[in-house]
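One chain, chain A, links the two complexes that follow: it is found with chain B in the first and with chain C in the second.
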Partner chain A sequence: MKRKSDKAWYALFVLPLVFVFTTVVIIPFFIGIGYSFISWDGMPLNKKTFVGFSNYIQLFSDKNFISSAGHTLLFTVAAVLIINILGLAFALLVTGKLKVRNIARTMLFMPYLIGGLILGYIWQFIFTDVFKSIGETTGLTNIFFSWLLDPKFSLFALIIVATWQMAGYIMIIYITGIQAIPEDVVEAAQVDGANFWQTLFRIKFPLIMPSFTICLFMTLSNCFKIYDVNVSLTKGGPNRATEMLAMNIYNEIFSLNHYGYGQAKAIIFFVVVAVITLIQVSITKKKEVVM
Partner chain B sequence: MKMKKIFRILLVMTLIGIMTLTGCGGAKDNKSANSDGKTAEKEEDKTNSEEKGTTESAKKIVVFQSKVEITDQLKALAQEYKAETGVEVEVWNTTGDDYLQQLKIKLGNNQGPTVFSLAPGSESNELSAYLADLSDLSFVGDIAENMADVKEGKVTGIPYTVEGFGVVYNKGLIDASKVTDFASFETMLKEQKDAGINGFSLSSESYFLIGHILNTPFALQGDPGAYVEQLIKGEVTLEKTPEFVEFAKFMEAIRENTNNPLEVKYDKETGDFAMGKSASIHQGNWCYGMFADYDVNFEMGMMPLPILGNDKIAVSVPTCWYVNSQATDAEIQAGKDFIEWLYTSETGKKYLMEEFGFIPVVANMKNEKLDPLSQAVAEYTNGGKTIPWPMNSYWPAGIVDVYLVPVAQEFFTTNMTGTELLQALNEAFVEAGK
Partner chain C sequence: MKRVVRILGEILLLAACAFYLFPVYMVFVNSFKNRQELYENMLALPGKFTKEYYVTAMEKMRFLKAFSNSLIVTIISIAIIVVLASMTAWMLVRTNDKLSKTLFMIFVATMLIPFQTIMMPLMQVMGWVRNNLHIPMLESLGGLIYMNVGFGASMAVFLYHGFIKSIPVSLEEAATIDGCNKFGVFSKIVFPMLKPTTVTVIILDVIWIWNDYLLPSLVLSGEKLRTIPLSTASFFGQFTIQWNLAMAGLMLTIIPVIIFYLCAQKYIIKGVAAGALK
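After this line comes the complex of A and B, so read on.
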């Protein structure tokens, strides 16, 4: 009797989601795999030709695809590191004895509430106009010039903006992790004479491992898939130096009308992101300790 | 126990509710997609099916078009159309940038608008299966020669207007009669630079950066279409074509003597020109509207970009109206009626000429109030001094944004030579044309 009603409750909450997930994710995903084997421009009335694996073979010799994969990797590694380090630092700061901690939390979280597109346009103004005029007035033209016109600096600019956006959100996750640490454990460590760093590395970090798992997963997958900031800040320029995979795929499908080929790229992209994030999750999960 | 029972009943009822709701939704969607769908909104579906059999024309149509500048005026026009004919016209907004993508997605999902716009050429060829035959509109015979978009003998696209681009210049700062070839163009740039004025300006948006200016050497070829084909096949190269060699010299001179166009946006480009900070900009008559916010106290004109002494400006139909062939018959009829009304009724004509500021493309239409730049375009057109727009007709789809812009960005941020620029552009065409 009891079991049955449990199951019914379970179904009540899960079924609608399963339905939505199946129709908007699972089914399109398999249709998408099918499209990756054909050559087609995306318009239903136009001709589709079955080309087998040639879309997949072609993309390994596509130098723009490979180079955008390189940028994405570079961007992701740098952004994930910086976002997590900053997010964690902010979290430690605002859970400490800081007097303005509530205001600080709000301020740090604020950028996340601004959409990526708008954020990109704001920063575009900063990196071009503001930087230029700072450079002109201070004479430090080596650092303050229009960053978005330089291939290396524009990638760095993208990392800064992504960090600016994500760090506050990641901070919130770390805060919940840190607040869940029982006071007595930390106190016991302090009584035993552990200093700040020892408490941090030996006590706090192992106990917030679940937060690490979530934060790394979120930042990894978000950074790989970044598109909005990319399109509004640099549009991939200058000379493709900041063209990320998502943008490469979008252009392939919607600008060049290579629907099937772009779809093949998207499938490969999905596989890569899935493998990398799964490896990350399985590694960090192992490090989690049970209290 | 009683509570539990009540709970269970509630639960079952909710589940059934959800099932029926979702079930209904699905069925409805399927039906509309299979039978008479192709409409944007469910309400519209209803009106259509009600209308069917009674009248021939739908009571509501949807217009989606790419020219952002006329959106507000078009909405006002829709009000007047409703007042005169009782047919509702819904105008969808666009930002302009992603219009084509949005349109393709909507057409592909059978949720397309009834009337939409495209650039005749590569764009309309790609979507030719979606274009209804408009040959039977009454004024089709009056459209100026080669201006309508004709596919397999059928007129499918009705031109908006003609537009022309070239060097828009400040008559107080530049004497157009003295800028006739590369040498004099370069001298002009240097003189302006010495006077503390930016002699010539491009801007960072794709067509304003490279698309329009690169159009000129292509248009100067004897047969631009054949030239693009040969270029893609590798039978000709840009660096061995004199017009392009000269074009590269222009680009070098521009990089040398003017602001970096990558730091200039359309707003700034036109704003600087209006305030007299730039002596000339590479733009078309469409940019006149941008000067409305400034007190422009000088006369302006449009002159050709003098590549190898070129004395013509690039004039063509930028956009045509099309009717969605996948809409219901009633909607197609309503769409055609709308276009017919737009080009033949007094109100429609008044809007085309006065509100939209279009240059007439249909005989017996006259625009008395053309702005100076449109006036210049009209004069060049009447004098036969025009070159076409191969960028719309023959260039591979999507090439400007995806392939040409990165090359131009590289050119304007490095010391790449003109020859290297041509090689890179050449490679871009081969790549994009594959």
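After this line comes the complex of A and C, so read on.
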């Protein structure tokens, strides 16, 4: 930046977005750190008391928060595994020579475009009334009953809906990886007498390693932060059995009016998400060197 | 043997599609049934196709109002994001100094922050702005658009930044010599070249903003300002027992998405793949 006019142009191009971004993201982030050290009920006229680290210390004895972290972890691990296995299987099927591949690709991706909130409502109907009605007509009442009334089954329900939403999306990323595999490599392996499974595990999987990394961590961070589906499908119930971390934070702040304490949870939530994502970046970097 | 595997594959894929379509089918058929018909057999096709529940649901949801609110918020937010982010990213790439590098680093780093971490302080900041500067940031579509731009900035700048790095400077230099100022160079030469990334940004942001629920629910509470997810949520709060009405309401919200998908399928799938791989 040598000349004055260059500086003016720079400011004109960069400042508007930087201004909006600072007021919406940066300033609230730092203010949020401040809020996590106070005790406040959210009423503008009521006093804010500085309490130091006691909000953070309180977290470790908060049964609801710990059990919610447990549910989130369980949900995330199960959902990430199922979504990736299904997404990869779909991707392998639709990149093959099957006749239904195009229509399948279209249909499998569609749920990702319908918002999580609306998906949750759709499935709420399925898991309550439709399941009950199927159970009554078939007599299989131990499988088909109102899943959302049972703590364990409502967690399964949440996993199914998350899978329904994201597997098609993950499929698209795997497809891109699979299509980038040079055909002559696969052909060479087949000429050498490799069977289907050998081609799959020895040739294709190592070559789509970068897609694995992307998909794993995409699903990891999406599942960990799940909120919309949670709200519309189970509202955290029955009896808080499916209250995920994002919802726990929301309720702590806006329902229980524990603004300071809830914000401390939100900061811890950020730290966990950041750590997960940073691990991802370092692994991705390593993979890039290998490739 | 090979044929058996192939037929098995076809069946498997078709089964997956059926499983995927099943919930939408359920919503569809039950949106036409009356209460008694619905509880008699939920899986069956309706006896007759009536638009009765659609009309009622449309009224109760104030669907047209919500639809136009959603449309306004989505279109204006994305237009601003595309223009501002491409301008910013271009300057950051072409001005290779410490400030640019730091700004870019900050944009990328903040992508780690989950919305839940900022939502409460953000509402405090916007409340302060409303009370002290008298700018209506809350209870207004404008305020929601402003915040969408702030939240969409990082990813858009990141995507544009990556693309601009790959285009040569020579064309821009030639235009500068010919007497174009920076704005002319950007609008006439650079921006048209960014089209692939612009499509990606638009697609990813449509999916996000159209379906976004939490931020609008914090910013807007008035009935007149509701976006589609908000009106769906309030509709469901009231009518959970009346499933036929609820199903018609859900169908109304899904139809625009399906139309959009079928029209722009190629771009959507490309855009989503490109956005993920960056």
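Rule of thumb we're sticking to: the second predicted complex is superposed on the first by the 247 of 291 C-alpha atoms of A that agree within 3 Å, B and C clash if a C-alpha of one lies under 4 Å from a C-alpha of the other, contacts with A are read in each partner's own complex, and residues count from 1 in each chain.
Note that in this section contacts are C-beta pairs under 8 Å (C-beta built on N, C-alpha and C of every residue); 3 or more make two chains touch, one makes a residue touch a chain.
Note that this is a predicted model, so its numbers are computed, not measured.
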{"item": "Partner chain in contact with A:Ser61 - chain B first, chain C second, else both or neither", "value": "neither"}
{"item": "Comparing the two partners chain B and chain C, which touches a greater set of residues in chain A", "value": "C"}
{"item": "Which of chain B and chain C A:Asn195 touches, first, second, both or neither", "value": "neither"}
{"item": "First, second, both or neither for A:Gly236, with chain B first and chain C second", "value": "first"}
{"item": "First (chain B), second (chain C), both or neither touched by A:Leu149", "value": "first"}
{"item": "Touched partner set for A:Asp41, first chain B, second chain C, both or neither", "value": "first"}
{"item": "Which superposed partner A:Thr49 touches (first chain B, second chain C, both, neither)", "value": "neither"}
{"item": "Partner chain in contact with A:Leu256 - chain B first, chain C second, else both or neither", "value": "first"}
{"item": "Touched partner set for A:Phe21, first chain B, second chain C, both or neither", "value": "second"}
{"item": "Where chain A meets both chain C and chain B, residue numbers", "value": "9, 16, 44, 254"}
{"item": "Complex contact set, residues of chain A against chain B", "value": "5, 8-9, 11-12, 15-16, 19, 41-46, 128, 132, 146, 149-151, 235-240, 251, 254-257"}
{"item": "Contact set on chain A toward chain C in their complex", "value": "1, 6, 9-10, 13-14, 16-18, 20-21, 23-29, 31-32, 35, 44, 90, 93-94, 96-101, 103-118, 121-123, 125-126, 129-130, 133-134, 164, 168-169, 172-173, 175-176, 196, 214, 218, 225, 227-228, 231-232, 246, 249-250, 253-254, 259, 262-263, 266-267, 269-270, 273-274, 277-278"}
{"item": "Complex contacts: residues of chain B adjacent to chain A", "value": "4, 7-8, 11, 14-15, 18, 22, 101, 104, 107-108, 110, 126-127, 129-130, 260, 262-263, 326, 396-398, 401-402, 405-407, 409-410, 412-413, 432"}
{"item": "Residues on chain C engaged by chain A in the complex (per definition of touch)", "value": "5-6, 9-10, 12-14, 16-17, 20-24, 26-27, 30, 39, 41-43, 84-85, 87-88, 90-92, 95, 97, 103, 106-107, 110, 112-122, 124-125, 127, 146-147, 149-151, 153-154, 157, 181-183, 186, 207, 210-214, 229, 232-233, 236, 243, 246-247, 250, 253-254, 257-258, 260-261, 265, 268-269, 272-273, 276-277"}
